[in-house]
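You will see chain A twice below: alongside chain B first, and alongside chain C after that.
Let's look at the complex of A and B:
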C-alpha cells in the first residue's frame, strides 16, 4: 500500500499548489468562486493526507517491514501504543504529521470563516497552501515516508529506546499542534496586510486558534520537561537544551501576542507590533522544527538530526523577508487609531509584559545560538550553560510574574489611584502574610530570588482569588443568584477573562515549583554495594540487593533486559522501597563474534523511581556497575560466538541471573526536589484555564434576553 | 503502475471536487450575506465590550465617570454597526 501513500502525497502537493494559485487568482480577479474552489482544494488536501496518514499508521500496526520507515523504527516486539506513535520519531513521519495537522487546522478555520472576511480569506488561504506545499515538497522529494525496501528484514530495528515513554510520544504531536496552529493567525495576518484590512477582524477570527496553539505548545513543553525528569536520568526537567529552547521561544512570543492583540481589539492600537509578533512566532515555530531537523546544534534530541537544514533555512529566510517587506509596505495602513490614555491602564501593563516576554525570548535566542555566533565571529565554538541562562532569565521572570498579578487589577484605558488601592491592598496583605510565614517556618530566605518569586506567586494567586470574588459578588448583586450559580454564570459569560485568570494562576503555580526545586534541591551521587547506605536530605538510602529482569520491563517499553537495585529508604521512621533500574535494548546489528559485548554496547535508558509529593519528590536513578559481568561476558562471547543469535537470549538471561546473585555495585543519584509536583499541577491548571478561555460560546453568547435589552437600549439611544 | 494509476484517480476525484464552485450555476456567493455575518460578529464583539466595561464598573475597576464615558463611546460604535445592519434590510 506504500504506492497509495506516495500517490496521496504527490496529489496533495499538486492540490496545495492549485489551492494557492486559485485563491490568489480569486483575490486578484474578485471572482469568489475561485476562492471557494481554493478552499475546497484545502479540504481535499486534508482528505488526501488523512489517507496517507492512515496508510502509514496501518503499516506500523501490521509491522509491515517493506516500509523502510517501519523497519527503521519499529519491530514486532514494539508495544502497540509505541507502534501507533512511532511515526513521529522519524523525520519523514514527523514532517507528514506537520503537514497533516496543518491541513486540518486550515480546513477548520476556512470552514468557520467561509462567509466572512471576504478580502482577507483568499490571501490567508494562499499562505496556508504555500506552507503546506513547502512541507509536501519535503516529503515528496527529500524525505519520502513511503519508501520501500526491496528485501524487507524479518524484524525491524525497534523504536529508539529513549522515546519509549508515554509523555515523549504525546509530546511531539502537542508541540506540532502548537507550531502548526500558529500558522493560522500568521496566514490571516498576512491576508490582512495583503488586503489592507488591518483592523481587528483577523484577530477575532483566529483568536481561538492562537490560544489553542499556545496551549498545545505549552502543554507539549511541559510533557517534554516531564520526560526529561523521568527518563533521562539526570534529575532535572529543563537543561536549556537548544531544542527545548526552540519550543520555548515561539511560546514566549506567542504569549506576548495573545496579550497584545487584546489592545488592538479594544483600542485599535499596536497593529504593527501585533503583526510583527505573529510573524515572529511563526518564524520561531519554523525555527523550532528546523533546529530538531537540521542537527546544527548539539542536543539531547540528536536522534532527530538530518540534512534538511538547507531547505528549512531558505524557507525561513523567505518567510521572514517576504513578511517584513509586506509590513513595511503597509505601514500607512497600520497606523494606530488611538493613543495610550494613561500609564495606569491595562494597556500599559500589557505593553510592559510584551517587552519582558520579548526580552526573555531574546535572551533564550542569544544563548541558544551563541555557539554558532561565537564560531562565526571568533572561529571557535563556545556555548553557554544553565547558569548563564538563569542569570538573565530569573530577573525577567520575576518582573513577568509581578506583571501577571498587576495586570488584572487595572482597567482598560485608565485606572484611578483609588480603585488601584482598593484592588491591591488585599493581595498585598496576603503576600505579606505569606512572606512572614515563609521567613518564620521555611528556609526560603536562603535564596532571595526564590523568596521574591514565592511572594509574587502569593500575590498573583491573591489577585486571581480576589477577581473571582469581586466578579461573583457583582453577579450576585446584578442577578441575585446564589454563590455557586453566580460563579458558574460569571465564568460562563466571561470565559476569556476568567479562563485567562486561571491560566495566570496555573503559570504562577508552575513557577513556584520551578523556583523551589531549582533553589532547594538536594542531591547525592554515591557508589554502593549491597548493605551500604548513603543519605540525601533527611532520607537514608540503603542498598538491599541487585535486581535483574528479562523481558519483564515494568514500564512496558519492551526492553529485553533490566538491571537495577532494590533500595530501602527511611525518613523519620517511615520506610519504603524503591527500584531504580536501567533498561538494555541490545545493539540493532550485534557483532556475531561478540554478541554479549555488543548487546551491552546498544541503547540503554534510565528507569527512575520517583515518590511524588506535593511538598517534595524523592527521585532516584541507578546505573548498575557491569564490572562484575566483564568476565562472564568475555567467556560467553568466546564460547558461544559460533552459535549465533539463537542462544543470545539464553546468555542474556544467564548474565541477568549472575548480576542478581552477586554483590553487584550500583551508582545511584538521589534527589530531594521540593515542590516539583507544582510544575505539573500548574501546567494542568493553565491548560484548564485555556480550555475555558477558548471554549466556544453558544449561538447567542450574550444570552437572548440581555442581547435584546442591549439592542433595544441602543436603538432607543440612537433615536434620542 | 499502481502509483501512476492512483495519482491519476486521486487527481480526477480532487479535480471534480474542487471545480464544483466553478461549475456551479450560482457563480458568486452573496456578498451581502457575508457582510451581514461580519456585521453580526462585530455587533457581538461590541456588546461584549459594553458588558465587560459594565463588569469593570461593578467590580470597582472603573470609576462611575470613566465608565459613563467609555460606555457612551462603545454604545456609539455599536449604533454605527446597527445602522449598517439596518441598511442591509
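Let's look at the complex of A and C:
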C-alpha cells in the first residue's frame, strides 16, 4: 500500500502547484473560473492527503513493518493508542500531518468565503497552495513517509518511551493545528495586500481561524508543560528550553495580533502593524516547526541533525523577504483612517498590550537564539539560563496582566475620568481585600513579584465579574429577564466580547498557578532505605518497601518491567501511599554477550506519582538503586547469555522478584507545589472562553448589503 | 503644543524607551551567559570560571556514590577526559556514549556540576538508531 501513499503525495504536489498557478492566473486575468478551479484543486488536495494519511495510519495499526517509518517508531507490543499517534513522533510523519492539516484548513476557509472577497481570495488561495507545495516538496523529495524496507524486520523499534504519555501524543497535533492555522490569516493578509483591499475584510473573514489557531497553540503549549511535569521526573513544567520557546513565540505575537486587529475593525487604524504581526506570527510558526527538527540548538528535544535545515531556512527567508517587500510596496494603501484620540482609550491599552507582547517575544527570541548570536559575534558559544529569562519575562508578564485588567474598563476613542473611576473602584476594592487577606493569612509577602501577580489576578477577575454583572443587570432592567436567562442572552448576543473575558479569566488563573508554584515550591531530594523517612514541607515521607512489576505497567505504556518504591506520606494525621516508579523498556539492540546488563542499561522513564489538589500538589519521583542487582545481573549474563531471549524474560522476572525482596535503596525527589493545578484549570477555562468567542453566530436577521445600506443612510441622516 | 508635535514627541519617547530596554536586555544577556566548552578547553583554561561543559559520557565511567553521580566526559571528537561530579535529577536519556551538557566549574581537577544542570543531547548517532525523535514540547 505504500505506493498508494507515495502516489497521493506526488499527485498532491502537482495539485498544489496547479492550484497556485490557476489562482494566480485567475487573479491576473480576472477570469473567475480559474480561481474556482484552483479552489477545487485545493479540495482535491485535501482528499489526496486524507488518503495518504489513512494509508499510513492503517500501516501503523496493522504493524506493517515494510513501511520504514512503522518499523522505526512502532512495534507489535506498542499499545494501540500509541500506534495511532506514533506517526508524528517521526519527522516524515509530522510533516505529513502539517500539510494534511493545512489542506483541511485551506479547504474550510475557501468553502466559507467562496462567494465573498473576490479580489482577495485568489491570492490567498495561491499563498495557501504555495505553502502546501513547499511541505509536499519536502515529503516527496527529502523525507518520504512512505519509504519501504526490502526486508522488513520481524518487529519494530517501538515508540520512544518518553513519548508514551497521553499529553505528549495529543500535544503535537494541537501545536500543529496552531502553527498551521495561522497560515489562513497570513494568506488572507497577503491576499489583501496583493489586491490592495486592505480594509478589515480579510480580518473578519479569518477571525475565527486566528482565534482557533491561537487556542490550539495555547492548549498544545499547556499539554507540553503537563507532560514535562508528569513525565520528565524533574518536577517542573517550564524550563525555557528552545523547543518550548519555539511554540511560545508565535503564540505571543498571535495574542498581540488577535487584539490589535480589533482596532483596525473598529477604527481603521494600525493596518501596517496588523499585517506585520500576522506575517511575524506565521514566520515564527514556520520557525517553530523548523527548530524542533533542526538540531541547531541544544535542547532535551534536539533530534539530531536534519536534512531539512537548508530548504526550511530558504523558505522562511523567502516568506519574510517577500512579505516585507509586499508590505513596503503597499504602504500607500495601508494608511490609517483615524488617529489615536487619547491615551485614555481602549486603543491605547491595546497598543501597550501589543508592545509588551512583542517585547516578551523579543526576550524569548533573543534568549533562545543567544547561542547562535554569541557564536556569530564573539566566536564563543554561550547560553543564557532560566534566571535571565525570568528577569525580563516576570515584569513584562505583570504589566500584561495589569493591562488585561484595565483594558475592558477603558472605552474606545476616549474614556472619561468619571467613567473610569466608576468602573475601577469595585475591582480595586476587591484587589485590596484580596491583598489584605493574603498578607494576613498566607506567606505570599515572601515573594514580592508573586504578591503583585496575585493582586493583579484578583483585579482581572474582579473586572471580568463586573463586566458580566453590568451586562446582566442591564438586560434584566431592559428586557425584564430573570438573571440566568439574561446571562445566557448576554453571552449569546456578544460571544466575542464575553467569551474573550472568560479567556482573560482563564489566563489570569493560569498565571496565578505559575506565580504560586514557582515562588513557593518546596523540594527534597533524598536517598532512602526501607524504613527511613524524610520531610518536605509539612509532609513526612517514609519508604516502606521496594515494588516490582513484570508486564504490568499501570500507566499503559507497555513497559515490560517496572521498579519502584512504596512510600507512606503523612501530613497532619492524614496518611496516603504513593508508588513512584521507573519503567524499563530494554535496549533496542541488546548486547548478545550481556543481555541482562543491556536490558537494564536500555531506555527507562520516570513514572511519577502526583496527588493533585486545588491548593497544592504532592509530587514524587523515584529512581530505584540497582546496586543490589549488580551481582545477579553479572552472574545471569555469564551463565545464561547463550540461552537466548526466551530465558531472558524469565531472568528479568526473577531479578524483579529479587529487587522487591531485598532492601533496595531508592533516590526520591518530592515536591510540594502550591496551586499548580490552576495552570491546567486556567488553560481549560481559557479554551472554553475561546470556544464561546468563536462559536458560529446564528443566521443574522439582516443581509450584509441591506445592513450596509441602512448604516449608510443612518450616517447620512445623522450628518444632515 | 499642537497635536502633531505632541504625537511626534510621544513616538520618540516610546522608541527611546524601547531601545533602552532592548539595549539592557542585549547587554545583560552577554554578562549572564555561560560559555560552552569542551573538556579539553576547560582543562586548557584551568580557571574556576563557570562553564557549560559539553561532551560524550565515557563508556564504563558512570558510578553512583550515594547522591553523587560520577562520570567522565570526553571531547566529542577527541580523547581529552574530565571527571565530573553531579547531583540532582538525571534525565532519562542519560547513557554512556551519549552527549550531555553540565554547568559547573573546575575544582582540583574535577568538574563539579551545579545541581540539576545536566542536559542530555541526542547526538546524530542516537538519531541513526531511529528510536528518538518526537514532535517537541
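Assume the second predicted complex is superposed on the first by the 697 of 720 C-alpha atoms of A that agree within 3 Å, B and C clash if a C-alpha of one lies under 4 Å from a C-alpha of the other, contacts with A are read in each partner's own complex, and residues count from 1 in each chain.
Note that in this section a residue touches a chain if its C-beta (ideal position, glycine included) is under 8 Å from a C-beta of that chain, and two chains touch if they have at least 3 such contacts.
A quick note: this is a predicted structure, and the numbers were derived from the prediction, not measured.
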First, second, both or neither for A:497, with chain B first and chain C second: first
Which of chain B and chain C A:605 touches, first, second, both or neither: second
Chain B versus chain C as contact partner of A:410, first or second or both or neither: first
First, second, both or neither for A:41, with chain B first and chain C second: first
Partner chain(s) touched by A:513 [first = chain B, second = chain C, both, neither]: neither
Touched partner set for A:280, first chain B, second chain C, both or neither: neither
Contacts of A:363 with chain B and chain C, given as first, second, both or neither: second
First (chain B), second (chain C), both or neither touched by A:15: first
Residue ranges of chain A touching chain B (in the complex, touch as defined): 3-4, 6-8, 10-11, 14-15, 18-19, 22, 31-34, 36-38, 40-41, 43-44, 48, 115-118, 201, 204, 265-266, 409-416, 418-419, 422-423, 467, 470-471, 473-474, 477-478, 493-494, 497, 701-702, 706-707, 710-711, 713-715, 717-718
Contact footprint of chain C on chain A as seen in their complex: 72-73, 88-91, 94, 157-158, 160-163, 168, 171-172, 175-176, 223-224, 227-228, 232-235, 243-244, 246-247, 292, 295, 298-305, 339-340, 355, 359, 362-363, 366-367, 370-371, 374, 380-385, 387-388, 391-392, 525, 527, 588-589, 601, 603-606, 621, 623, 625, 627, 667, 669
Contact footprint of chain A on chain C as seen in their complex: 7, 14, 18, 21-22, 25-26, 28-30, 32-36, 52, 54, 64, 66-67, 87-93, 95-96, 101, 103, 116, 119-124, 126-137
Of all residues in chain B, those that touch chain A in their complex: 2-3, 6-7, 10-11, 14, 17-22, 24, 27-29, 31, 33-35, 37-38, 41, 44-45, 47-53, 55-56, 58-63, 66, 70, 75, 78-79, 82-83
